[in-house]
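Each of the two complexes below includes subunit A, the first together with subunit B, the second together with subunit C.
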Partner chain A sequence: MVVHPVLLIAIPLIAAFIIPLAKKYGSAIAAGAMAFNMGYAIGMFSYIYSNGKIYEMIAGFKPPVGIFLAVDALSAMLALLINLFAFINFIAIGKEWNYKFSMLYLLAIAGSTGIVLTGDIFNMFVFFEITAVASYALIAGKKDEKAIEGAIKYMVLGSIASIFILMGIALIYSQLKTLNIYDIATRISSMDEKIKWASFALLLTGIGVEAEIFPLNGWVPAAYQGASSGVASLLSFGPSKAAIYAIARIMMVIFPFHATYEIALYVGVVTLVIGELAAFMQEDVKRMLAYSSIGQMGLILIAFSLASQNIQNALIAAFFLIISHASAKSSLFLLSRSPSMGGAACKYTGIVGVLSIIGMPPLAGFWGKWYLMLAAINEKLWLVIMLVFFAGIVEAGYFARYLHKSMGNESKLNLRYKVAMVVMVSFTILLGLLPIAYKMASLPLWGW
Partner chain B sequence: MNYALVTPCYIAVAALLSIGLYGVVSKRNLMKIFISLSIMETGVNLLLITIGYVPEGTAPIENANFTKYVDPLPQALVLTAIVIGLSVTALAIAMLISYYEKKGSLEYKGGMKW
Partner chain C sequence: MLDIIFAELIIAAIITFFVGKKIASIIAGFISILPLFALIDWANNFGFKTISFGIERQMNISVAGITLHLGITPLSWFFALMILPLFPLIMLYSYSFFKENDGFYPFMLFAFASTFGILLSKDMLSLFLFWEIMSWSSFLLVYRSRDKEAIISYLIFSVFSAFAILFGLIILWHENFSLLLSDIGRINGIYGFIAIASLIIGFSVKSVLMPLHAWAPFVYSKSDEPFVAFLSGGLSKLGYYGMFLFLFTLNGVKILQNYTPNVAWNYLLAVVGSLSAFIATMLAIMQDDLRKLLAYSSIGQLGYIAIGFGIGTPLAITGALFQAFNHAFFKAVLFLAAGAVAYRTGKWKISELGGLAYRMPLTFLAALFAIFALAAIPITSGFAAKWLIYEAAIQQKYVFIAPLMLIAGVGAFLYSFRILYGVFLGENRYPDVKEAPKSMVAAMFILMLPLIIFVVFPGYMLDLMKPALSNAGIESIAHTKFAIETSLAKYNSMAVLITLIAAMIPAFIIYKARKHRITSFEDNYLAGEPYEFHNPSMHAAHNFYKPLKGVVLPYFEPGAIYYFEKIYKGIGILSNGIRRIYTGFVQDYAIYVVIFLLAVMGWLIWM
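And now, the complex of A and B:
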């Protein structure tokens, strides 16, 4: 096999452990590791796009005994997204950080990539913990009162979450004596009915904390508000996206039942509506963006939960919503470092980001909502459609207020921030043009 | 299956988990909350060990004299979980120190504000 996905996890981990030995060159080593990861993720994605899924056995043990990585098109795309944005985000913030931050940043990236790529449920738990511990420390890194309070809140909820995930894994193991996701999936019907549902509930609750799903997201506003804008940006494209993908993977591979999709749909709708309404009531910009993130995570969960009937539309919707939210919200968090957003670069970022999240054509957010609607109409979920439209209107309301309030004075952001913001937010335009290009070339969008 | 040994273990798991959860929910002192979280973690670790237990099994070491041994995988999982728990606890205590320096108390006043 030519492509080794394990390098995407191994290289940042090794770099993170080298950094304390070469403190002076900390950010250079981190940037190098991330540049490698970005290139490798692009290569892996194009390889998978043309050749299909790859499985990599670690240390040569065959599954179900050995740990293995299972990479399909969606996980390769998410690995690419996380590593690409990690590199761009690091351009903005890397220089003002000391070596400890570069190290933690690399650990968070390695963990999120691992969650996305792994095919072993315990391995997923370990990567969740790596990501979570690195994020706690990163949030607390600003060292003021709010940052530490946010980090402690996240830590208490995150520790409970990790206990729940581990308990769910223990229950599955007690019945099936295996940890391999695909092995579990083939034998799930032989599990005791009660234990099966208990383990699903435990896993959903545990991962739901990381994925910012209502009612498990009490930590989100405090953590995003307390964190510096670079870290908030990392949280919104890295760990939360990996966690929502982990939920989707567990739901679609291990528990592909009607009831699980229905639970996810209800949870997603409630998260969307409550997140958007809470965002509408916020005064602080970062808090508003955090609640808006909660709403968007609900929308992504709705997209995944429609995959039982029309997998194609639902997964395209999830793809575009994830891209749109990651690029727009990360750049808006970088923008929120300065209270005003005068100047061409800042205005461009703010307006494009906001329009993509609201869902204006031809940006990526529009295609996400468009395919979500197509999937929902197929299933005749009229109430869900109405609530998604309602949430969009609420979004438009508070984002209009946000734009109105912050236009004006010249922004004090330096050049690196501006470059990173503009590059990040441009992905929504680029990917928004993708479906149109495909249509004009009359290629199927579902290429894999 | 010999339930004489396994049942008390499951009772202990339930007790540890509920004591821990009670502590997390009811206490306001952050140190007590993290102690309760450690208790819960111990409960889950005990659950994993109990799942892997085989009646009259010995330690999973390859030896001609041992034919019946307990499931080694949960032990490896617990080892990993213990290390993770340790690192989280260490980080928590470091954060509590700076929280105490800022606020002069470990009592948590604010709720989960929306």
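And now, the complex of A and C:
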């Protein structure tokens, strides 16, 4: 059986282009495309689970001239995550299903999936742009003052980021004359020292804006607060995860040097501490969850930055942290639409989501933190461990306050919304109990 | 069979989510008896002849791709002996306590399952995993209380305790990369010290050792009584189980003395324990809220166990374990009694209660026996435990600790008397209340039984402790079934009991034989007192210990809770300061991006 990862990108894109022609059926087309994507992603994931890697060339041109998609365990897991949650999220936010929204949603998903599947760095940039522009419009969807403010902030920073990414790519191309990630990796040592570091800095800064690392995440509180809960949820599992994947891929494949891992570690730790502390005093729920997202992104970056010495533990930690955060934070954002946690569905979602982020077993967040600790102690990184603990305690503080404050009886959510919310948060339970991540982490990663 | 017990606990926990109260309580009640069968069966392995159910001693579970090693050890068997009986009895009690099933049963069953798991853990991951499950399931039970301070403080302290334990465990893992507890070799050097210290701190949060007790007054006073009985009677022992495991079983009794030759870290542990006992007892005397009083009393009584561990001689450790066993039962009975009182009268404050012994005699009787054990009235089992610890302190000539312990003992009697008088004796203000429901009374009485048994057979308790102690290399104290003998003295409870009864018999005969003389109520010479109908101050409920309060209280303010609140506010100030980085102007954010780029480029190129 041959698997074509390109379909995961092509189908949503084609559907997005068709939708303006058939406006009345916009949401149906989008739902259909996403259902296909979800199914295909599951199929691809199980293929990778048993077979390892997939390479696919686009339009028959062999690399390094042609673009190719390289899917390994990390990519497949993220593709599955993004597409699965995209479908569930879309089902939830039925209220916003006008055709424009569906179109933009599909573009954002296609872009995020493209980032995680591609093996060509300029292709990655193209998909970044698609994702970013779609996100700007989606955030502004509510059309009130806060939404537009959030979208504009994101747009300004995102545009600056795009320029930096492009400059980074240009520097690499000017030296190595290739855009293929694998090719770049094999020839990186022939690059001029200073230009190599400059291009890494540019790439890190540019992608980092979207990956919400400090100090590039000024847009995050405003954007998440202004967006509707469904869009905020999308941002949690889609663009930010794709971006952090991109940083990890670039760091591990193209720039696997001690200095880059070190920078990533410091940046990750600072992001974590500042994100969690900023969340501590927040009264507004969405802003609090946004700062918490920043903190979690920092934690994921720490996990990836430990991959230099402890590839096994660090990658498992990163897997679990990504799953836990995507699933928990998305459902918490969906929950934030309701003024209080009334009813069993809301209470269950709130509690499981919070516990997963704090790191309680048998949820996925626990395994993430456990493996992170094992990886960190191997390198005797005492300060990192202490700060992760401190951040965890701060998390417990503000989440306890959040749980207490949102105790209540009303929840104006319809059934579809509640079902989607509950299904999303159940993934942390599921993946905390099934041995999937271990198998995935032991599979070969391309570029190694 | 063991995995079946586990699976049934988890499945029952999930089922009770969905069913109504009656079915849930019946399911929960029967399922929680299952671990007791295992307990009785395992007694065969440790030298006691009982029925055998064929339950295996070890098992491995596979979860998320990792194997958890579970099995019973002598130490965990002893702790299971004190914690597992609480399961079904608390379920029996809660049959009448709750009107509807809104989350109590499922989370209690999770708490039971995870406690069972902690006691069975043979490797670090399963210990930590079950510890965390216990943390969140008890958190969800605290969450039902809807009280802000209780919820926030409990979650923060639980997470802190979890991290401290995790920190200690991963340092130990790093020594030889094995997760099995049995593979932990001699822990030496600075890393070993940090690991042990971190583990002790983590475990002390759960065993409410001062100054990490700050969550207890809030949580104990606002949560449901059956849960608090389990939290205080059962879960707090798990902290001491962990401490004993890492200090003595895995490393030998001298571990705390090994790190630096001139600093006696074990003495520090004993001092902290004695201060905990002393300060908490003093604070308990001042309390008006019955539940807060019992909370501080718990903190105080559990401090004795730390004293025992700190002193470290076989005498002390035996006494500490005995005290742990007693505490489980008498504290559970007291919290259940407080719950029964509140169930019938709706009141928490001692100043508003009174005279309930006339209407709730059985509750009063259970509480009375529990208080005898708490206050270490001679010939009760509580006395045997505390006497052993006193003896140990005196033997080691600890001049600071022994007096503090003794004053705390007197203080325990003071607040015990306040409970008895303020709640049960005195003026009868509630002439209409009925006795507590039968299931509650039954639960309290059954829990009281061990306290009575060990009145007469303190030596039997030492037999029960023997497997645990010898596994840790601690020799047993000379004892027979009825008597304990130390190098300083000999305590024979049977002799004392017989003497007491022998002295009571003539008194009783005289009382019955002679004619009674009626005297005036106000005759002071014959233990009468002035009687005023309309002056409520005669009930002496408010400000009961006012003179003591005036003298002592200024020295105890501010306490640990004040400092923790300061830390909380400090983090809030830090948080507010950090939020200012996010100025709200996108121009600032853009500058941040450029600064970051330049900084990273500069770092990489010039380093």
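Quick note on the criterion: the second predicted complex is superposed on the first by the 430 of 448 C-alpha atoms of A that agree within 3 Å, B and C clash if a C-alpha of one lies under 4 Å from a C-alpha of the other, contacts with A are read in each partner's own complex, and residues count from 1 in each chain.
We adopt the following convention: contacts are C-beta pairs under 8 Å (C-beta built on N, C-alpha and C of every residue); 3 or more make two chains touch, one makes a residue touch a chain.
This is a predicted model, so every value here is computed, not measured.
Once the two complexes are laid over each other on the shared chain, residue contacts for A:Ala28 go to neither subunit B nor subunit C.
In the superposition on chain A, contact is made by A:Glu129 with subunit B only, not with subunit C. Legend: residue contacts after superposition of the two complexes on their common chain; A:Ala137 is shown touching subunit B, with no touch to subunit C.
By the document's definition of touching, of the two partners only subunit C reaches A:Met373; subunit B does not. Within the superposed three-chain model, A:Ile152 lies in touch with subunit B and with subunit C [touch as defined at top].
Once chain A of one complex is fitted onto chain A of the other, the partner contacts of A:Val419 are absent, as it touches neither subunit B nor subunit C. Looking at the shared chain after the overlay, A:Ile91 reaches neither subunit B nor subunit C. Comparing subunit C and subunit B on the residues of subunit A they touch gives the larger count to C. Of the two partner chains placed around the shared chain by superposition, neither subunit B nor subunit C is touched by A:Met191.
When the shared chain is aligned, subunit B and subunit C each come close enough to touch A:Ile160.
On subunit A, the surface touched by subunit B in one complex and the surface touched by subunit C in the other have residues 152-153, 156, 160, 218, 221-222, 278 in common. Within the complex formed with subunit A, the residues of subunit C that make contact are 62-66, 125, 128-129, 132-133, 135-136, 140, 143, 146, 148, 151-152, 154-156, 158-160, 163, 166-167, 170-171, 173-174, 568, 571-572, 574-576, 578-579, 581-584, 586, 588-590, 592-597, 600-601, 603-605, 607. Contacts from subunit A toward subunit B in the complex involve residues 122, 126, 129, 133, 136-137, 140, 143-145, 148-149, 151-153, 155-156, 159-160, 162-163, 166-167, 169-170, 173-174, 177, 179, 218, 221-222, 278.
Residue ranges of subunit A in contact with subunit C, taken from their complex: 152-153, 156-157, 160-161, 164, 193-194, 197-198, 200-202, 204-205, 208-209, 215-216, 218-219, 221-222, 259-260, 263, 274, 277-282, 351, 355, 358-362, 366-367, 370, 373-374, 377-378, 385, 389, 392-397, 399-401, 403-404, 407, 431-435, 437-439. Contact residues on subunit B toward subunit A in their complex (touch as defined above): 24, 30, 33-34, 37, 40-41, 44, 47-48, 51, 71, 73-74, 77, 80-81, 84, 87-88, 91-92, 95-96, 98-99, 102-103, 108, 110, 112-114.
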